[in-house]
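Each chain carries a letter (A, B, C and D) given by its place in the written order, and its residues are counted from 1.
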Amino acid sequence: MPLTPEQQAEIDASRSESRQTLRVVSEGLENYLYKAVPCLDHGFVRVIDYMGDDAAIVQAARVSYGAGTKKSRDDKGLIRYLMRHRHSTPFEMCEIKLHVKLPIFVARQWIRHRTANVNEYSARYSVMDKEFYIPQPEHLAAQAVNNRQGRGDVLEGAEAEAVLRILRDDAMSTYDNYQRMLNETFEGETIEEGKTGLARELARMNLTSNVYTQWYWKVDLHNLFHFLSLRADPHAQYEIRVFADAMCEMAKAWVPAAYEAFEEYRLGGGSVSKSGLAAIRRMLAGEEMDAAKAGMSAGEWRELEALLKG
Amino acid sequence: MPLTPEQQAEIDASRSESRQTLRVVSEGLENYLYKAVPCLDHGFVRVIDYMGDDAAIVQAARVSYGAGTKKSRDDKGLIRYLMRHRHSTPFEMCEIKLHVKLPIFVARQWIRHRTANVNEYSARYSVMDKEFYIPQPEHLAAQAVNNRQGRGDVLEGAEAEAVLRILRDDAMSTYDNYQRMLNETFEGETIEEGKTGLARELARMNLTSNVYTQWYWKVDLHNLFHFLSLRADPHAQYEIRVFADAMCEMAKAWVPAAYEAFEEYRLGGGSVSKSGLAAIRRMLAGEEMDAAKAGMSAGEWRELEALLKG
Amino acid sequence: MPLTPEQQAEIDASRSESRQTLRVVSEGLENYLYKAVPCLDHGFVRVIDYMGDDAAIVQAARVSYGAGTKKSRDDKGLIRYLMRHRHSTPFEMCEIKLHVKLPIFVARQWIRHRTANVNEYSARYSVMDKEFYIPQPEHLAAQAVNNRQGRGDVLEGAEAEAVLRILRDDAMSTYDNYQRMLNETFEGETIEEGKTGLARELARMNLTSNVYTQWYWKVDLHNLFHFLSLRADPHAQYEIRVFADAMCEMAKAWVPAAYEAFEEYRLGGGSVSKSGLAAIRRMLAGEEMDAAKAGMSAGEWRELEALLKG
Amino acid sequence: MPLTPEQQAEIDASRSESRQTLRVVSEGLENYLYKAVPCLDHGFVRVIDYMGDDAAIVQAARVSYGAGTKKSRDDKGLIRYLMRHRHSTPFEMCEIKLHVKLPIFVARQWIRHRTANVNEYSARYSVMDKEFYIPQPEHLAAQAVNNRQGRGDVLEGAEAEAVLRILRDDAMSTYDNYQRMLNETFEGETIEEGKTGLARELARMNLTSNVYTQWYWKVDLHNLFHFLSLRADPHAQYEIRVFADAMCEMAKAWVPAAYEAFEEYRLGGGSVSKSGLAAIRRMLAGEEMDAAKAGMSAGEWRELEALLKG
């Protein structure tokens, strides 16, 4: 379970106090506020704060004085238009702040998205928790053979067991050694009298990168959608996709019209190259096409076929 | 007056509807929400939305589960520490969205601050209002003689009158020609039958750069402080400083502890060079110093003296 | 002509001095270095410096020790793969620095691209040149009727003449008044004895926004491509497209393989929505489709038809 | 030794080929090009490419046509002025690209600097090398007692030995298990027939965070100086400071005048708060001051005293 009773109590306390505001409110996202949505074995995402809603996108696009149009139908149409024509700035007018607990190797992918604000738990300053990501057996993917960046089938039997045993044992034993070098526990008790203890900023290097860290991460809606379009994608590594999927649900609750447009034009849509468009035109004119006729590599042709098959 | 009765009515309507939220609320900034704070003759700044408060800075710095400490004294100390040691990321966890009406030549300075989100009123799409910045006589500064980037004394008498007449007349006559080329009024009526009207995206080039534009501008607190440290500074051009000063008041209402730290360590503080520190040390040891002894240029020495005189 | 003889002499001097370097060199772009490529009536773009070439993209993608593969065929394939799959970071490893002279209303669109470095000629500090953009008669577009952001037919006869006369006269007369308020010419001579002269930072507000400014603009290749995909597009305003088109030629000379991939996957390609893909599938299966069947608005359907017609 | 003979040969080949260019050349940095400057036990920094020199900063600040002034004395004065007054954009006109090999826990600090371009070696795609950072005994710092983020004395005797043994053993054994799970060596050979091998993107999670990774990192000079001001600082963690120190030498060779200004106004200078300035004024007037009189906390007063003691 990702939360201690104390943490759960703090969250409950935050949810129990409702306040008055003149700001716009997203009813859908208020339901999510502060709650931890579990991801992987010890991780979570929870919404800490947000700014704006669907109407705020419209209001900014129109640089208007009031709160946007009253007709939500017009708003929806404008939002679709903005998304379709890649007018990204109105989507930047909404902002969300998340608290995320995630393994370090996932954090390292995540942080590559630079247009966001981050405050991470400091392992220079504090002692890390003894929590490590250990995959479920059904996620123990083998290395893909044809595609070097990706997963193939799932490991089975003795090999799977051996892998899980290694991951668990190495996590535990490196953590124990981490504590031994620090000469203190997470709660700060000294382990052995007479020892000094290695600096935390050094001892942390002994932890394997499935150890959990956590951070506050704040991003605008445009950049959130960009993140989700890459990380909620089937080609993304499963362990980050789990977080992206949870955040998709949050975005849907927060800005339903914008999310619908995002699904229509980004998640569910596709890019077609110049040669791809030419090939589709010839196919619509009744011609049988293949990679050679289309002037495409085998890989590109497969990708186009996959897109057209759905 | 910067607002039409319709706009004022929209603002009043926005302020009349209070909603429930679980988010943190800044009581101080709620008072500002939607109201237009006048700047220059036709401009304004108004807060459209915000995220976070002083406690949110602390909460992010600690990556905590609940709402920050209860003891506001501890929070204040931590905020001062963060500001002093340039730990900027916790300040990025607060965000504000403003609606600003400002002359184009001010907008051109403002937009140089890149880490912000902007939606500007489109003169490709819409007709510009007939509103131009005309300085008050006491702001008709002469070109500074010793310092080429800056203002000297105020123009007087006939010269001042002539300048004001030029600014007014050229603004009005170029605007009239703008309308004539468009062949439509701001409300969309055709001026002369039988004419086609020049494209708006072209006609706008005839407007002088004291014409007012407007935009939605969203920024995090760290970058707002950076903006204010440059633009609320006596060396900033008066016309942008007016806006910066108004925003300082808003920041003070929004995050009083952070603003106090900002005043202490940025606005009211100063940077001293290596040579400057060495000079101060010798002065504290009783030595009489001058530019030559300090190894500084005349300009640098003057700047140091000014800093030490206060 | 955009350059004075002195400026041309400085450029010629820069081009006459060849130096030794161990860095990679793009032969194609060396030809462009320092030369001013004319844009509009008084503007230009010129390459001041660059970093990297096609091989540098490959080298970064592979995080390799040497200079990339020797087989340019492999490099090209990898570059196409990276572009197709939106792996943008290797393209960020090339950088270009341009000197651009452009009208202010174009500069205002341009600066909206935030991920770039800019140093603009300062009208607070210096006096502006008397150079204004006046469109060629064939670019005097009328306001589009069906689409409010865009151009329709070209103005003709007396209306065109009147527009050109206004643009010319207002530019000249506001500039003359600018000089009068400054009480100095561009070369610094006083116009009328006994007058003080208005501060430059104020006087500039009287200039119309077709006055030319200039800046140094530095950007990485990924963000240059993003800029070009928006500004070399038929929907971009003609006056910025002229600059984008000139920069496309430079990019082609600089990184021919990357530019070819950019043309194939961005400039010449297209995005298709989820509904659009579904519609194409049904059309390929022989079904007659229309907007209603596809579940698309009339506008969207037109856009899809246009894409499939080429 | 951080490089294989093959890598060294590639570097030597790159250094042997000199080319002609019309671009500005920094003689000082040409000496550094491609060579690996060792950092820590297996790491390095090496310059891959650069753009601009001291004169380029001046040229951009002046938006000039030619190559900057001929008088390097004027250039130096302007560069000092720009640095002193925090005119950062001209420094953004220089760019450098580095290849860095560094432990993951250092990379995680480094990547927090967002305004840079990065391509990292992919552990999803490739097998990691068996190289881990093991501190020299003299860097085995104890946890500081008074300051929780920082280092105290150096560990000694049996405790030091035990720590080093743990770090070495855990690195080796987790790496061996990494290989075992992958069922392949770094060169790609299968370890045990009949096993499938875990996906690389999963197996990497078993590596401790002192394992070395590498990346291409590209940054402009302004942001490099910002990085160095934080990471070449005595408060920075030793392991990243080693890299920052090496980069300081490179910056000095590249842009000597800018680096000198950076040392004078940033590295060697200091910020003084409003209260600090007031205290200095009173001290210069002969008053004995302390924390209470200055209205400062004990910590702040200590910091001011340290600054004034040098």
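The rule we apply is simple: contacts are C-beta pairs under 8 Å (C-beta built on N, C-alpha and C of every residue); 3 or more make two chains touch, one makes a residue touch a chain.
Every value quoted in this text rests on a predicted model; they were computed, and no experiment measured them.
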{"item": "Chains in simultaneous contact with chain A and chain B", "value": "C, D"}
{"item": "Rotation angle superposing chain A onto its copy chain C by C-alpha atoms, nearest 5 degrees", "value": "180"}
{"item": "Intercentroid distance (Cα basis), chain D paired with chain B, Å", "value": "34"}
{"item": "Whole-Å gap between the CA centroids of chain A and chain D", "value": "28"}
{"item": "Contacts with two or more other chains, residues of chain A listed in rising order", "value": "89, 112, 118"}
{"item": "Of chain C, residues touching chain A in the complex", "value": "77, 80-81, 84, 86, 89, 112, 230, 263-265, 267-278, 280-281, 283-284, 297, 299-300, 303, 307-310"}
{"item": "Residues of chain C touching chain D in the complex", "value": "3, 6-7, 10-11, 13-15, 17-25, 30, 33-34, 48-52, 56, 59-61, 63-67, 89-90, 92-93, 95, 97, 99, 117-121, 214-216, 218, 220"}
{"item": "Sites on chain D touched by chain A in the complex", "value": "103-105, 108, 111-112, 114-115, 118, 122, 124-125, 133, 135, 140-144, 148-153, 155, 159, 162-163, 166-167, 170, 173-174, 177, 180-182, 195-202, 204-210, 237"}
